[in-house]
Amino acid sequence: MAERMSLVLFSGTVDKLMAASILATGAAAMGMEVDVFLTTWGIEAFRKDAYKTNRRVSSDYADYAPVMLEAMAAKKAPSWMENLLGARDIGAVHIAACSMTMELFNLKLDDLESIVDEVTGVATFIERARESKITLFI
Amino acid sequence: MAERMSLVLFSGTVDKLMAASILATGAAAMGMEVDVFLTTWGIEAFRKDAYKTNRRVSSDYADYAPVMLEAMAAKKAPSWMENLLGARDIGAVHIAACSMTMELFNLKLDDLESIVDEVTGVATFIERARESKITLFI
Amino acid sequence: MAERMSLVLFSGTVDKLMAASILATGAAAMGMEVDVFLTTWGIEAFRKDAYKTNRRVSSDYADYAPVMLEAMAAKKAPSWMENLLGARDIGAVHIAACSMTMELFNLKLDDLESIVDEVTGVATFIERARESKITLFI
């Protein structure tokens, strides 16, 4: 059985999404399964088409946001969404959205990007997370 | 021996406290022990009566805060404190406050909500965290 | 082989750096190896001399920042950098900077504080993280 990395993706800012996507890519490249559990602002970030206009950066570093976004554009760095799609191409990346948040925000699976596999409860995530080698809340 | 989930609860915003309480509830429901180590703003959030008026939301999503708080009220979603109390009813949930932060903020155990079990050092948390199946910094 | 704690240090605010340094100190004191992987704002925080003037605090608690910084000064609490240097004195603390972020920000190892050991890719971090007892994203 492949080793697993389980991420709770709570944040919806580009800098944290980028970090999550790089960790997912790295883990997939090493043959690990990757489970991503979207909740709260992580779900907002995966609303259909939202990634195309999302330029939100951690407000702790709001003053650096323009510099970072420009550097990413200048270097033609792949977006976090491209990273995630790439990670899925090379490995097993599973993305689920938290059912409680979905209900709170009146959302259905169809409202999210197609890279999201399903809507599940927290118990399903925990059952798999406790068999994971790496667990992170982002 | 029951499997364990260990959370460092650094944040004091309602959205992250809600995520922590849902993870704690899910883990307790699956028979896991839950250790919560409060530090910094996590301790502020557990000051006596603070939860009754705390409407702080991650500043990354300050513009969505009113929408989220209204949705939670409209859906009559249980508060994070109610979730934690419920998790304790069904399982083993242990909440400790970081002794270094308590000293820094001139706080005593009596200054916190009674759901906080004790004040401990970081070594005690780590000793138990390293035997945990899931470790998260929230 | 010593047990290991692996931290992804994404944040660059003094309050989170302090939490990371205290966790590192606690783990080192218990004989654990500590791996720190700096990325994004975590790298900014380790730029040469940056720690001497960094007074950034989580914007979620911007209103409490002056109180916390004054309390830390009044109590003569060691800085997060002093904690990390102390942790290294008593144990095995390894600090690496994410090569992708370094390239994005046009940085070289020489631009960072000497406590940073090397620049590595995410795969190297994950390879060690998956053998860790504690994994946290800060």
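Read from first to last, the chains carry the letters A, B and C; within each, the first residue is number 1.
Simple rule for what comes next: a contact is a pair of C-beta atoms (placed from the backbone, for glycine too) under 8 Å apart; a residue touches a chain by one contact, two chains touch by 3 or more.
Keep in mind it's a predicted model, so treat the numbers as computed, not measured.
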Report summary line: Taking shared numbers over all numbers used, above half giving same and below half different, the chain B and chain C interface sides are different
Report summary line: Here chain A maps onto chain B under a C-alpha rotation whose angle in degrees, rounded to the nearest 5, is 120
Report summary line: Distance in whole angstrom between the CA centres of chain B and chain C is 23
Requested in this report: Quick one: which residues in chain C touch 2 or more of the other chains?
Outcome: 58-59, 135-137
Query raised in the report: In their complex, what parts of chain C are in touch with chain B?
Result: 3, 5, 15-16, 18-19, 22-23, 25-27, 29-30, 32, 58-62, 64, 68, 71-72, 75, 77, 133-138
Query raised in the report: Which residues of chain B touch chain C in the complex?
Result: 6, 8, 10-13, 39-41, 44, 56, 58-59, 98, 100, 103-106, 121-123, 125-127, 129-132, 135-137
